[in-house]
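Below, subunit A partners subunit B and then partners subunit C, in two separate complexes.
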Partner chain A sequence: MVKVVKTRVEFEGRFRDEYTVVEGEPLEGWSPKSGLKIVGRPHPRVDGAAKVTGSAKYTHDVYLPGMVYGKFLRSPYAHAKITHIDASEAEGLPGVLGVYTYKNAATLGFGGAEKVFKQEVTYQGDVVALVLAQDESVAEDALELIRVEYEPLRPLVDPEEIMGLDSSKDRIVGPKLYERGDLEKGFAEADVIVEESFKTQAALHNCMETHGSVAHWEGDNLVVHTSTQSVFNVRSALSEELGIPQSKIRVVSEFMGGGFGSKFGAGEYTVVAAAAARLLGRPVRIVLDRVEENLATGNRSQTVQWVKIGAKRDGRITAIHLKGLVNVGEDGWVADLGGPAKMMYHCPNVKVELYGVKTNLVSSTAFRAPGYVEGDFALESAVDELARRLNMDPLELRLLNYATRDPVTNSEYSSKALREAYLKGAELIGWRSEPRVVRDGAKIRAKGVAGAIWWGGGGPPAYAEVKVNADGGVTVLTATQDIGTGTRTALAQIAAEELGLPFSSVRVVLGDTITELRSPGSGGSQTLASMGPAVRAAAHDAKNQLLEIASQVYDVAKERLTIREGSIFRSDGSVLCSVGELLGNLGDFSVTGRGAREPNQEGYMVNTFAAQFAEVEVDTETGTLRVLRLVSVHDSGMVVNPLTFTSQVEGGVIMGMGYALWEGRLVDGESGVVINPNLNDYLVARCSDVGEITPTYVEPEDPHTNSLGVKGIGEPPIIGVAPAIANALREAIGVRLRELPFTPERVYSAIKGINPRPTTAKYL
Partner chain B sequence: MLVNPRRITLRVNGLNHMVTVEPRESLLDVLRKQLGLTGAKKGCDMGSCGACTVMVDGKSRLSCLTLAVSVEGMDIVTVEGLSRGELDPLQEAFVRNDALQCGFCTPGQVMSAKFLLDIIPKPSVEEVKYYMSGNICRCGAYPKIIRAVLDAAGEVKRNG
Partner chain C sequence: MFVIPDRFSYTVAHSVEEAVELLHTLEDSKVLAGGQSLIPFMKLGYASPKSLVDINRIPNLDYLDDSGESLKIGALTRISRLCDSELVAKDYPLIHDAALQIADPLVRNLGTFGGNVCHADMGDDLPAVCLAMNAEMVASGPSGQRVLAAKDFFVDRFTTLLASDELLTEVRIPKNRRGCGGAYLKLERRVGDYAIVGVAAQLEVDGDGVCRSVGIGLTSASTKPIKASEAESWLVGKSLSDEVLDKASTLAMNTSNPLSDIRGPAEYKKAMVKVLTHRALKLAYKRARGGL
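And then the complex of A and B:
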């Protein structure tokens, strides 16, 4: 029986209502105590062999016969007007099939072309022209033959400067306000008040596979290979831009080389490739290079934050006030820095005021726990200062103000085991059993802690099919993506567990809209909690059908049959037949089960949590900071695959470490030009930078989140890393650093009490 | 359309291939576009990331910084050449230890690890970190990459 249900669904803290179609009965929830055989055990990735042999095909690896290469010419200026542009020489180069600028962009044949090719460029890396050529090298040669004259205009890149300019009021977005209780009263009641200000830098995603697409047409059907976190988002954007129905577009992303938030939309490169392919009647490939990737695909926002926290002498927090400026670039979105301030602590009086500031930089975009990473750094650093003022252990202060219900809605959590996570982490890092500061010559080692909160409950719509084939093989059909998180493997485990068929017999199809099985984008830590239950429901349906068929073929009551390890058993434990035999005897019939993610339960707040402890070592003579140990304890519900789960945690922690120590877009404050748009000068963590990481979890039972009892893990591990390191550093050197990243120069200057030397380069 | 084309022989994974290339073309582009060997990846095309690592005459090389014409006649091994039918013990160790996430950097990591184990069959943790630091993994698989290489070092020894 098909039922339509309306349910509330969250994505990165924003709620919307969704309708979903559900079939079948609700399944009994799984929990760590369910005695599962395949789920909950470590399984190497099902696509591991494809990845280590180089046979996995990514978008970058798609080379089609007759393929045309598209390359963009991008603005070297952060703000300028094109006064003259002449593409004739480029057009005349043999092998060039077309050159497009704002003058002839409309002939590319898609609605938004004028918005892509502009006469006034508003950030460095903005599109000026496109070359289509038979060969990549010809396209590159042609770019150099386009003559452009610019009239440079004054760029504005620094939000603090803009806030002070009367002439730039139209660049300010907001305020975005949140308020609960009575802030003034809260501060009046406080015995102690700390006021702190913080700055965080823009971080660049730098997925190893740069953004790119290959588009070709089969008659009037469009096929696009693209490196994306959401095949359906790309499809709907293409449909809108090109004016063709979605059913005529197939978007494929079978293997993709990393997605941290910037690969959610179609991107102009995809739309342009598809339009050009239609025009030329040939496949068109547009793949960005590393510099374009860093200039033109977005970033985590730079922020400036002011935090004020009031507390009673016994440590109870009475008021939190957060004010923030968010550099949104040309036209980005104001990420919710206030998430942690609103949600972390039981505090009756809270106010958050956020201002977005538009600048002559690329539009900011989502980046792994957008807003929460920046906001948690400010909040958790300030809470640490509060603990110092109160002369309390920072861990005790956090436990004292622990929220047992969601402070924003006053609803119950579906589950929350952050307290257990703090205690487990404290034990592992030796919080109470070892000295917190150790001096060793010029080096000082110290420990710090921070908590983290995030979303990751997922929800509908998410659909799957599970086919059991005549040879006993299982195909799980979905259209979700595996962006490196291990989705394929987790879904295979879930299907095998529910069906009672071997894990090795399951194949997972994903990353292709052709299945028409609506799946959410791979972001917001929602994939497993959305897709997992849909796959389980589909497997359950398939199992039911198998048992029904067996019952009719062998004339045994269905209730007396079970499936285990590929065979159908009678209730007395004897084997009836193998699944392969059963279906083979039916003329190679294959069973298709269908499943949908069940609606979210009403009245519960689904959050993920982490307790993160850092031990750092500071070299006081050089300012060098090393993270010796990082203990990251997570509450993400039940863990489906401890092997890939810990990989996610390690990866998030390492990215958080890079954010704390080295990463940051450096912009020349005068020209607005990015100084480090490549992987030599923009420093991400490397193998030698990694100390000891302890990724672990507490596994609360969660009967209120979904039929698996799982929550997400993609984003939580990055959130509390920077503040845990900041707090350890404060403990080590006795000075609080309030600006990320903690470069050796900054650390050294803080120790010596001097100001770093002034330059025009800023972390923006 | 090619500028100053040259016809050269490239010996890749034990087989001789005839290709016509421009002198400016990188080995990486020729492997990927002409030979269909897309295992080596282009992460940066400027020598920063290691995703394009291959072996040339037994040494690891960044194929994005290597001109194809300069390695004519040399013995080139790509990730595709490591396994014939079954996985190399090193590749197995990568899978077993989950030393990969999105997998895009993985072929480069595997080739760098291969080179390391060729010259230092039993490396220390510090040596592994040092030799693997030319390969960026943005997914942050480093802890398990280290474990996989050490595991493979044991494996390599077991297999004599």
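And then the complex of A and C:
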């Protein structure tokens, strides 16, 4: 029987109501104690071989007959007005099929053309023109033949500068406020108060696969291959921009080379490719190169933060005040830096004030735990300073102020094992058993800790189908995406476990709207917690049908039958038949089970947690900083696959190290031009930069999240890495660094007490 | 935004003579060795030669030969070969140190010794090695062969003494005797990056530990690879105490004239020349005295 249920769903800390349509009875929850045989085991990725042998087909691999290449001409200025533009020479180049600028963009035939092609460009990398050509090099040659004259306008890229300008009030968004308790009273009660300022840099996603789409039309049906975290978001945007019904659009993202938050919808490259393909009657491919990727697809926001924390002499925190500036670029959103300040500690009096500042840089976008990474660096650095002032062990201070209920809503957690995580991490890093600081000539080694909190409980709507085919093979149909996290593998495990069929017999289809099975975007660490239960429910439905069929064919009561390892067993343990025999004998019938993600339980706060410990080595004569060890202990509910869990943690921790040590967009403060939009100058960690990472977990039973007892793991591993490193560095050199990233020169200057001379190149 | 180079012709040379002939006759020609510097330059539009002469198929230009008076390194010797060679690891630790710190395995598999020195960027590591070891550079051109001293070879950033129709065929390194030792230290922002600064030091000491001869080459310490000549002259004839090394590193620092750039401000780089020179000399000394 179909039932419609309204339920609260969270995405990265923002809540909304969703309807979900559920069938059947709720399933008994799984837990680490359920005796599962396939879930919880380290299954290698089902698509690993395809990926390493190159047979996995990514958007970048899609080349269609007669395909046309689209390339954008982008603004070299951060702010300018186009006074003259002449594309005639480019249009005349043999092989060029069209050139579009703000003057003729409307003829491309999509809604937002005038928003993509503008006369006034407002960041470096903003679109000036589009060339369509029969091959890529002709397209590039044509770009050089477009004559553009610009009148440069003064760019504003530095939020601190903008806050001081009377003329730029319209660039300030907010304040976004949060308040609980009585802040003044909280500080009045405090015996010790620390006040600290921090700066964090803009970080670029640098997905291995750059943003791109290939579009073609089959009659009046549009097919778009695109590298995306949400095929449905792309489809609805295309429908709106092109004015065609959604059911005429198919969006495919079979394999995907990373998104990290930057690929949540259709980009201009997607819409323009689709519109141009319609116009030309040929497939159109627009794939960004690395420089475009780093100039024009968004970033983690640069922030300036001020934190004040008050505590009693015994360490109890009485008040937390956070003020923050968020550089949102042209028109990004104000990521919630305040998450950790509001949620980490049991503290009655908290205030958060956030201002977004609009600048002549590309709009910021979501990036792996947006806001929380930046906010946790400030909060957990300040808490470490508080511990020093109180003469307390920083770990003890954290345990003392441990929140046992969600401090924002006062609801219970669905589960929380952060305390166990802290203790396990402390054991692994030798927090108590080894000296905290070791000197060896010019080198000093030291340890630091930070905690992290995030979301990742998932929710509806998420639907799946599980087909058991006539030969006993299983097809799981969903339209979720595997953005590299191992979704395919985890869903196959869940289906196999529930069905009682072998893991190797399951094939997972995903990343294709043609299934019409609604699924959420792959973000917010939610894919498994949303899709997993839907797949389990569908598998359960399929299993029921199989047992029903077997019961009728063999005239045995359904209750006396079970499925194990591909066969149907009687209650006395004897084999009735194999699933393949059963369906094969029915004229190759295949069973289709349907499943929905069940509604969220009311009254529980679902959060994920991590305790992260770093051991660093500093060369005090050069300022070189190495992270020797990073122990990352997670509470993410039940772990479905320890191998893919490990990959997520290693990847997140490495990205966190990059943020702490190397990565950062450098912008010329005068011209607003990005100095390092390439992988030579924007430093993403390489294997040999990375020390030993120990990913591990505590596995609480969680009967309140979903029918699997799982929570997310995609984002948590990045959050506490920078503050753990910052705190270890502070321990090592006796000076606190308050600005990321910790480049050798900054560490050196801090050790020597040198004030670095201001330069025009800034981390913005 | 530009990933496709301008049009160019491509010709394969099968001998040194043919290569020289092609370089001489083809318009605006350049040698293509491992392509690890030239191709990125062409992609980025920093270089747009009209003709490329590929020397990769010239036989017998890839060798390490220490049978004679010096260690002879063929211009096409891949950097990975320097990393893997036992001879280099045992007898020429300076070269070995440097090779291991150049880029990453992929680049080292293709990049050549000749290409690295002919590119002559301030950030390439092997020019400093050649300067410290007082190497000789052997070139072939239309009018025959000539031998150039490393200290004269590096004229400016991206500019060597080679004429456009000359091919570097070999680099000769004085043989390491007893009492010789060398070391290369490199400060990097991230593994595989070009140096913030790098220091190559090569020493010869007598039985009493007195410095007989010394070479110091600096990477990224000026707009071109440079030799720390004052530090070198000051060290000769002295016992290498900490104070002596300190004075020498200060002299090396004073010789340096680095640029402020994305790898750090000039003042920081200068300070690092001093730290690294001190450490490199110390390690070279230890090796010269038979330690590791």
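The rule is simple: the second predicted complex is superposed on the first by the 763 of 764 C-alpha atoms of A that agree within 3 Å, B and C clash if a C-alpha of one lies under 4 Å from a C-alpha of the other, contacts with A are read in each partner's own complex, and residues count from 1 in each chain.
As a working rule, a residue touches a chain if its C-beta (ideal position, glycine included) is under 8 Å from a C-beta of that chain, and two chains touch if they have at least 3 such contacts.
The shown structure was predicted, so the numbers you read here are calculated from the model rather than taken from an experiment.
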Which of subunit B and subunit C A:Asp289 touches, first, second, both or neither: both
Partner chain in contact with A:Thr743 - subunit B first, subunit C second, else both or neither: second
Subunit B versus subunit C as contact partner of A:Ser688, first or second or both or neither: both
Partner contacting more residues of subunit A (subunit B vs subunit C): B
Touching partner for A:Asn676 - first (subunit B), second (subunit C), both, neither: second
Which superposed partner A:Val4 touches (first subunit B, second subunit C, both, neither): neither
Subunit B versus subunit C as contact partner of A:Cys207, first or second or both or neither: first
Interface residues of subunit A shared between complexes with subunit B and subunit C: 136-137, 289, 685-686, 688
Of subunit A, residues touching subunit C in the complex: 74, 136-137, 140, 143, 289, 291-292, 621-622, 624, 662, 666, 675-676, 681, 683, 685-686, 688-689, 743-745, 748-749, 756-757, 759, 761
Contacting residues of subunit B [partner subunit A, same complex]: 1-3, 22, 24-25, 29, 32-33, 36-49, 51, 78-80, 82-83, 87, 91, 94-96, 98, 100-107, 110, 128-130, 132-133, 135-146
Subunit B contact footprint on subunit A (complex, rising order): 44-45, 47-58, 60-61, 63, 94-95, 134-138, 205-210, 255-260, 289-290, 483-486, 643-644, 647-648, 650-655, 678-680, 684-688, 690, 693
Residue numbers on subunit C that touch subunit A, as the complex places them: 1-4, 104, 187, 189-193, 196, 260, 262, 264-265, 267-268, 271-272, 275-276
